[in-house]
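Read from first to last, the chains carry the letters A, B, C, D, E, F and G; within each, the first residue is number 1.
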Amino acid sequence: MSENARPLDLLNSAKGKNILVELKNGHSISGKLITFDVHINLTLENAEDKVNGEVVRKLGYLFIKGDTVVLVSPTL
Amino acid sequence: MSENARPLDLLNSAKGKNILVELKNGHSISGKLITFDVHINLTLENAEDKVNGEVVRKLGYLFIKGDTVVLVSPTL
Amino acid sequence: MSENARPLDLLNSAKGKNILVELKNGHSISGKLITFDVHINLTLENAEDKVNGEVVRKLGYLFIKGDTVVLVSPTL
Amino acid sequence: MSENARPLDLLNSAKGKNILVELKNGHSISGKLITFDVHINLTLENAEDKVNGEVVRKLGYLFIKGDTVVLVSPTL
Amino acid sequence: MSENARPLDLLNSAKGKNILVELKNGHSISGKLITFDVHINLTLENAEDKVNGEVVRKLGYLFIKGDTVVLVSPTL
Amino acid sequence: MSENARPLDLLNSAKGKNILVELKNGHSISGKLITFDVHINLTLENAEDKVNGEVVRKLGYLFIKGDTVVLVSPTL
Amino acid sequence: MSENARPLDLLNSAKGKNILVELKNGHSISGKLITFDVHINLTLENAEDKVNGEVVRKLGYLFIKGDTVVLVSPTL
């Protein structure tokens, strides 16, 4: 990892891959990351709203507002 | 999806279509997206306030303040 | 609706008309919109504080701070 | 009301008069408005902290931080 | 009070005097105001943390972060 | 420690080492700090979500949004 | 205390000394102040997390995010 690595590099390398997003309201959203911006606004496709690992709702395309995001993890 | 795609592109392509908006206070609002700005302030027409998928209130034209928005999903 | 429509256009067209304002603290305020600014600070006249559609308090002229606003609906 | 009216005009015209201020913590403060600024920081004199319309505390001169303000109403 | 009075004037005139500070977490702090800045960051000396008017803790010198302040009252 | 030390120096010296991150939602995340920015956005590898010191979830690579961070401690 | 005293002067004079930091989540952290910045981001050494005056956790070196700070008191 170079000296100049920045946190957004991790999001950049996750484009087109599945990610898990945890929100301040306690929801976990999974889906394929389409893109993001510096506010950590995110767009996903094939998004699913999960509670305790179980899909409770399929959301398809989704815009997530950055100020509600707690963490983003590329799923393995 | 091009390298330069931005999250707001998804909202832009949803103009004139039905969307679902989830708010920080737990409400879900559906309606036709008229327009939005960079703060994610949104205006809808034929807006309805739904609880558990059931319409509890018809709101007609509606201005939603961006800082209360959690996520926006174009409805299928 | 033109390509350049902005969310504040809806508020602009509601000046002098009755609106419903929902606040983050759960209160609903109705009244005639006098004016607003880009922070969504609003001033109303003949403002009434309603709970479950019932007037619990008449407030007359009212200044509402924009950062407490969730949504604004022109009433039908 | 002119086309160029702004929300702060209402506060400006209330200087030297009694106002009611509702705060995000649920308190209502009444008092004579001395002055305010663009952050809606307010100073009052003869300020009183009221619960259910009853005075629970006399505060005299008072500085109220703007980011805690929900609404301001000139009292009739 | 001149036309150009600003809310911070009240804090300025309270320097070196006892003030009461109410915080968003519900605590009331009293003490002698040393100084403040535009963020309403405050420093006090002989600061005391009071609950229901009773001193629960002596804090001596104290820095209070402005974004936690609800109101400031010069004590009589 | 020089006169010009800044808080971010501590984070800088923790790059490549294990840290503990406490979040506003009460979760504690441990992992190896990859990098951070001025918003305290953080990226970790081998991240684990711990409750009462017990690993409840392995998250692998992780982006943590800075505005949810309470404190960061290099683990001993 | 000169006319030009600023709140951060108190923090500056506390560098290298023990301080008590109260956070918005209710925790109290004590430790030796290494340094701080204008956001009131703080770094401490020999930091301890205290509940009711009792040490519940030793944290060693610690970065505290400024927007979680309520108050800082140099301990006597």
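The working rule: contacts are C-beta pairs under 8 Å (C-beta built on N, C-alpha and C of every residue); 3 or more make two chains touch, one makes a residue touch a chain.
Every value quoted in this text rests on a predicted model; they were computed, and no experiment measured them.
The chains in contact with chain D as well as with chain F do not exist; no chain meets both.
Minimum number of contact steps separating chain E from chain F: 2.
Chains that count as touching both chain E and chain G, per the definition above, do not exist in this structure. If each chain is reduced to the centroid of its CA atoms, chain A and chain C end up 34 Å from each other. With each centre defined as the average position of its C-alpha atoms, the distance from chain B to chain C rounds to 19 Å.
Counting only residues that touch two or more partner chains, chain G has 24, 67. The assembly's chains link up in one ring whose order, counted from chain E toward chain G, is E, G, F, A, B, C, D. Of all the residues in chain A, the ones that touch chain B in their complex are 16, 23-25, 29, 34-37, 41-43, 47, 59-65, 67-68. Listed in rising order, the residues of chain E touching chain D in the complex are 1, 5-11, 20, 24, 26, 40, 66-67, 69-74, 76.
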